[in-house]
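Each of the two complexes below includes chain A, the first together with chain B, the second together with chain C.
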Partner chain A sequence: MEVNNMEMEAKTQESSQSPSGLIILWREIVRDKLALVSLIFLVLITTFVYGIALFLDQSEIIKVDLFAIHEPPSKEFWLGTDYGGRDVFGQLIIGTRNSLSIGILVTLMTGVIAIVFGLVAGYFGGAVDNILMRILDFFMVLPFLMIVIVFVSIVPKYSILSFSLIMTAFLWMGKARLFRAKALQESELDYVQAARTLGTPSIKIMFTHVFPNIYSIIIVAMTLALANNIGLESGLSFLGFGFPESTPSLGTLMSYARNPQTLEYRWWIWLPAAILILLIMLSIRNVGEALKRATDARQRRG
Partner chain B sequence: MAFLEIKDLKVHFPIKGGIFGRTVDHIKAVDGVSLAVEKGMTYGLVGESGSGKTTTGRAVLGLNKVTDGKIIYNGRDITSLRGSKLDYRKDIQMIFQDPYSSLNPKKRVLDIVSEPLKNYEKLSRQEIKKRVQELLELVGLSPESIVKYPHQFSGGQRQRIGVARAIALKPKIIIADEPVSALDVSVQAQVLNFMQDIQSELDLTYIFISHDLGVIKHMCDHIGIMYRGRYVEEGTTEAIFNDPQHIYTKRLVAAIPDINPRNREKQLHFRQEVETEYEQSYNDYFDEDGLAFQLQTISDKHSVALPERS
Partner chain C sequence: MWKFTVRRMLIMIPQLILLSLLIFIMAQMMPGDALTGLIDPSVDPETIEQQREKLGLNEPWHVQYADWVSGAVQGDFGQSFRFKMPVTDLMMERMINTFWLSLVTLIITYIISIPLGITSGRYNDTWADQAITSYTYIGFATPLFIFALVMLWIFGFYFGWFPTGGSVKPGLEPGTFEYILSRFNHLLLPAISMSLIATVSTVQYLRNDIIDTKQKDFIITARSKGAPESRVYNRHILRNSLLPIAAFFGYELTGLIGGTVFVETIFSYPGMGQLFIESITLRDYSVVTATTLLFGVAAVLGTLISDIILSIVDPRIRIK
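Now for the complex of A and B:
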C-alpha cells in the first residue's frame, strides 16, 4: 500500500510538469535542430550587435570622409567604406541594431494593441465585436505604403520611436483578427461561463482565463510578425522611405546596390547587409514555424 | 412565497437573415415556463435535447438573456439585474454538464476552487488555502490535490472539483445541469449520492436538470417535464411516475428499462400500448404546431398540459 502510494505520488509529480505551454514550445524547438541553431544564432547576433553598438559612435561613423571613398576592406575599415567614405562595418552593426529595434518595438506595440482589441471583441462578442471589427476593417483598407510615404515627407526628422508608431498604426489588424477568433472560441467554453457565475469581473476573466489559454498562439503570431516587420522596415529603407542615410539601417546599405558600379565592383557595401537580413529573417521564421507546430498537437515532433 | 419562483419565463433567440441581418424569426428555446421551488427540495427538469431545460437554468443565473417573464429569488426580482446588484449570484451557483470544458486547463485546483472566494470574501492566502483544502475533503478529494491541474484527474474527480467550486460560497441554490451525464455509469451514483449528502449537510436547494429519468427519480421531490420550450407535465415525483397523464410523459416512463427479466413481456406490452395511444391521440395532446398546451391543474400536486376541454 505504502509503495503503491509512493508510486502514485511519483507519477503525478512527473505529469504535473507537462501542461505548461512554454515547456511544450521549448521542447519543440529543441527537437527541431534547425530551429535550435536558428535560435542560438539569433541570440548571438542580437547580443553581439547590441553589445558592439555600445562602443561605436554613430556620429563618427556617419561622418563623410572624402579621402576614404569606396575603400575596399582593410585593417582600418573591416568592411571597406561607402561612397561617402563611411565605415560599412560600423553602419552594418548600427543598422542591424536599428532594424532589430524597430522590428521588436513594432511587434510588441502591435501585439499589445492586437491582444487587447482581440480579447475585448472576442470575449464580449455581439455588438461590441461588430463595432470593433468595422473599425478594424477601416484600418485594413487604408493604403499603408502611401501613408508611410506621406508621413516621411511631412515629418522632417523622425526617430526610431515615431517610425515604429506609424508602422504600428497599420500593422496590428491581422493579429487582432486572429486573436479575436481564438478568444471567441475560448469564450464559448464552460469555464468562462463558470467564471461569470462565480462573480469574476469581465476584465479579470479576459486576462486571467482567456488570455492564458490563447497565449501560445499569440507567441507564434508575434514571432512570425517579427520577421515580417524587420523585412518591412528594410524594404521601406531600401525604397528610400525609411530612415535617412544619417541613421544607418540594413535597408539603406542594401539600397546602395541600386548603383550598378557598386553592385558589380563593391560587394563589401551591400553583400554583408543582404546576407544578414536573409539570415535573421530565415532564423526567425524557422523558430516561428517550430513554435507554430508546437501549438498544434498533431504536427508536434517533440 | 416560494424560495425561487419562475413566472412565465420566455427566452427567445433571434434568427438573423436577409441582407441587413434583420431578425426574421425567433427560436423559442423557453416559451412560458413557470415553476416554484421550495427551500431544501430538489426540483427536476426533464426533457429531450433542445427542450429548453438548460436554457431555463442558465436564465436563472443570468447567462442567457430573459426575453419575458420574471425570476423571483427570496422575494426579490432578479430577472435582469446588472453590475453591483448581481450579489445574488453568490447564493445561486451552477454545476456544469461537461467536467472537461468547465475547468480552466491552465489553472491549478487551488486557483479554480478559490476563485469565488477571492471574488466575494476577503481572506488571506493561508485562509483561502485552508478553505480550499476543507472543500476538497468535503467532496472526497485529497487536500494535496490543490497543486494539480484539471487534466490530472478523472472525469468523476473533475466533476467533484466543479462541485467544490460551486459550494465554496455556501450557496442556497445549486443549478445542476446534467451533472452526471458526461460521467461513467460507475461514477454517476457516487457523484449523485455525494450531492445528496451535501444537500442535507449544507441545506441546499437543487434544480436538477437531466434527461435521465432514473437519475431524476432517485434525486428529485418534484419534477417538471419539458418539451420544445414548454411544460407538458409537472408534479411530485410520485404523481409523475405512478400516474403520468400526458402522452409524452407516458412515453418517457415507458422507455425506462426494467432490470427484472420476468417483467420483460409486461414491459413490452405496456410500451406497445403507449405507442398505439400516441399514434391515435397525438392531436389531443399537441396543438397544430406540435407544441404542448397550457398547463391544467388536475390535483394540488399535479398539472398537465391538456387542451381546455375538460
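Now for the complex of A and C:
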C-alpha cells in the first residue's frame, strides 16, 4: 500500500499527501464506465425496492386470490400472477429486497468471521496459524450445498435468521484464507515489528495497524462475495431450502419454474426474476472487478 | 514426492473422521432413526423396544457411531424408508447415472475450454480474445441453475431438440444400440449446461497462464534460436500451461458435486443429486445420510487427487 501510494503521487503530482485507500477505490470506479453504470443501477434498484416496499403490504401481496390464478401480464397485474393468484410484480419487488437483505447480512457476518480469523492466524502465525488453517481446510472440503440443505431441513423452528446463520457457518472460508495471507505478509513488515517491540498489545496492532492496511482487499473480497451470496440464496430457495413461499425472494419466484408447465408456458413468473438476478450479480461483479484493479497499482486505469 | 503424497494422505484421515462425525451428528438430529424405516406403526411398543435393543439404538453415542462407520465402510447404509429396500441397492443405479453425467460433462468441459483458453491467450487483445473474455465474465456471474433452466426452456421445450426429463426413453431394451443412444441423448443437454458454466475458470486460468509464460525468458530464447511459432506454442508454452489444467481435474470433480444437485433436479435426471433432494423432501433420512457421506468422501478424494497431481507437476508445492 505504501509503495502504491507513492506511485500514485509521482504519477498524478496532484497533492503533497498520498490519496487514501477509499479515494483510490472511488477514482477507479468513476474511470471505469461499466462499473459506474453498474453502481448507479445498483443504487437505483436498491433505493427503489426498499422505498417501494415501505408502501407495499407484504401480507397483501402474498394473499391467495383464487379468482386470479395464472393470469398473464395485464394492466392490473403487470407481470401476471402465480398459481395462488398472487401478483408477481409485487413479489418481485419484495423478493429483490429480501434477497438483497439476506445477501448483505450473510456477507457482513462471514466478513466479520473472516476478518477476525484472518487477522489472528496471520498475525500470530506459527502454531496458532497451523491449527486454524487445518480447521479451515476441513470446512473447505465439505460439500457446501448438501450440508446446508440438510441443516436447513433439520433445524427446529426454521427462520430467516437461522437460514442466514447456516449459510454463514459454511461460507467464511475463502475470504478467511485470503485475509490471512494478506495479514501474514503485513505482519512481517517493519512497522509491525516496531509496534511489537514497543510493547503495543497484539489486539491493538491487529485492528489499528494491520487491519487498515488490508481493508481495501477486504472491501473487494466482500463485494465479490455479495454477488455470490445472492446467487446462492436464490439457488437454495429455488431448490426449496431457502426462503419459504410466504417470504418471497428472487429464488422463490424461480422455484415456480420447477413445475414444467410454468417453465414452458408461464414465463412471466420466473423470467423477470432470472433476469434481475443476473443483472444484479453482473453489476456487483463489475463494481467488484473495478475495485480489484484499484487495489493493484499495476492494473489501475490512469 | 513420496513424502508429500504420504503426508497429504495422512491429512485426509482426520478430515474423513471429522466429516463422518459431522454427518453422524446431523443424522442424530434428524427425526426418527433406523427403525422408523423398518416397521409399521401398528406394532406394539414393547416389540419396538426389543428391536431397538437388538439394533443397538440404546447404546451410548460412541458405540453407535462405531457401528455406523463400520457399516458404512462395508457398504451397509441401512434401509430406505420410502422404497423399503437397502440404501446401497437404491444408490447403485443412481450412482452409475451420475457417473456418466459427470464424465460427459468433464469431457465437454475440456473440449470447449482448452481451445478457447489457448486462442484467448495466444491472440490476446484481439476480437476473438475479447469475445471469449466476455463469455467467461458473464459465465462467472451466472448461477448454474438459472442457466440450466433457460437451456431446458429453449432447447428442451421451445425447440424440442432434447428430451426434458429422465435418463432413458421408456420401453427400450438395455444393451441395444438404441438404448445407449437414448441415454446419451438424455444426458447431453444437462451435461452441456453444466460444462458451459464449468469451462469458465479453466479458460481464464489458461489465458492468464499463457500470457504470463509468453513473456518469460525461455520463450524469448526459443524464439531467438529461430523456433517456428507453432513449435514455440506446442512444445514450450502449452507444456507449461496445460499440466496444471490436468491437475485441476480433482477440483473440477468437487465442483461437479454441487452442480449435479441443481442440474439433476432441473432435468429430472435420476442421479444421486436428485435422489438427495427427493429423499430430504420426503424425509427419507437414511438415504440423505448416505448420499451426503458419499458426496463428502468424493469431495475429499477429489481434492486429494488434485493436490497429489499438482505436486508432481509443480515441484515447488512439495517444499511447503
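The working rule: the second predicted complex is superposed on the first by the 282 of 302 C-alpha atoms of A that agree within 3 Å, B and C clash if a C-alpha of one lies under 4 Å from a C-alpha of the other, contacts with A are read in each partner's own complex, and residues count from 1 in each chain.
In the analysis below, contacts are C-beta pairs under 8 Å (C-beta built on N, C-alpha and C of every residue); 3 or more make two chains touch, one makes a residue touch a chain.
Remember, predicted model here, so these are calculated numbers, not experimental data.
J.: Name the chain, either chain B or chain C, that contacts more residues of chain A.
T.: Higher number of touched chain A residues: C.
J.: Just checking: does A:G199 make contact with chain B only, chain C only, both, or neither of them? Give me first, second, both or neither.
T.: A:G199 contacts chain B only, not chain C.
J.: Just checking: does A:W268 make contact with chain B only, chain C only, both, or neither of them? Give me first, second, both or neither.
T.: The answer is neither, since A:W268 touches no partner chain.
J.: So, A:F89: does it touch chain B (first), chain C (second), both, or neither?
T.: Touch partners of A:F89: none, neither chain B nor chain C.
J.: State whether A:N213 touches chain B only (first), chain C only (second), both chains, or neither.
T.: first
J.: Should A:P260 be classified as contacting the first partner (chain B), the second (chain C), both, or neither?
T.: Touch status of A:P260: second partner only.
J.: Could you say whether A:D190 touches chain B, chain C, both of them, or neither, answering first, second, both or neither?
T.: first
J.: Is A:I154 touching the first partner chain B, the second partner chain C, both, or neither of them?
T.: The second partner, chain C, only.
J.: Using the superposition on chain A as set up above, list the residues of chain A that contact both chain B and chain C.
T.: Touching chain B in the first complex and chain C in the second, no residue of chain A appears in both lists.
J.: Mind pulling up the chain C residues that touch chain A in the complex?
T.: Touch list, chain C to chain A: 11, 14-15, 18-19, 22, 26, 29-31, 137-138, 140-146, 149-150, 152-153, 157, 164-165, 254, 257-258, 261-262, 265-266, 276-277, 280-281, 288, 291-292, 295-296, 298-300, 303.
J.: Quick one: which bits of chain A touch chain B in the complex? Just the residue numbers, please.
T.: 12, 15-16, 19, 21, 189-191, 193-201, 209, 212-213
J.: Okay, in this complex, where on chain B does chain A touch?
T.: So the residues of chain B in touch with chain A come to 58, 61, 63, 86, 89-90, 92-94, 96-98, 101-107, 115-116, 119-120, 147-149, 151-152, 162, 165, 169.
J.: Chain C touches which residues of chain A in the complex?
T.: 134, 137-138, 140-147, 149-151, 153-154, 227, 231, 234-235, 238-241, 254, 257-258, 260, 263-264, 267, 270, 274, 277-278, 281-282, 285
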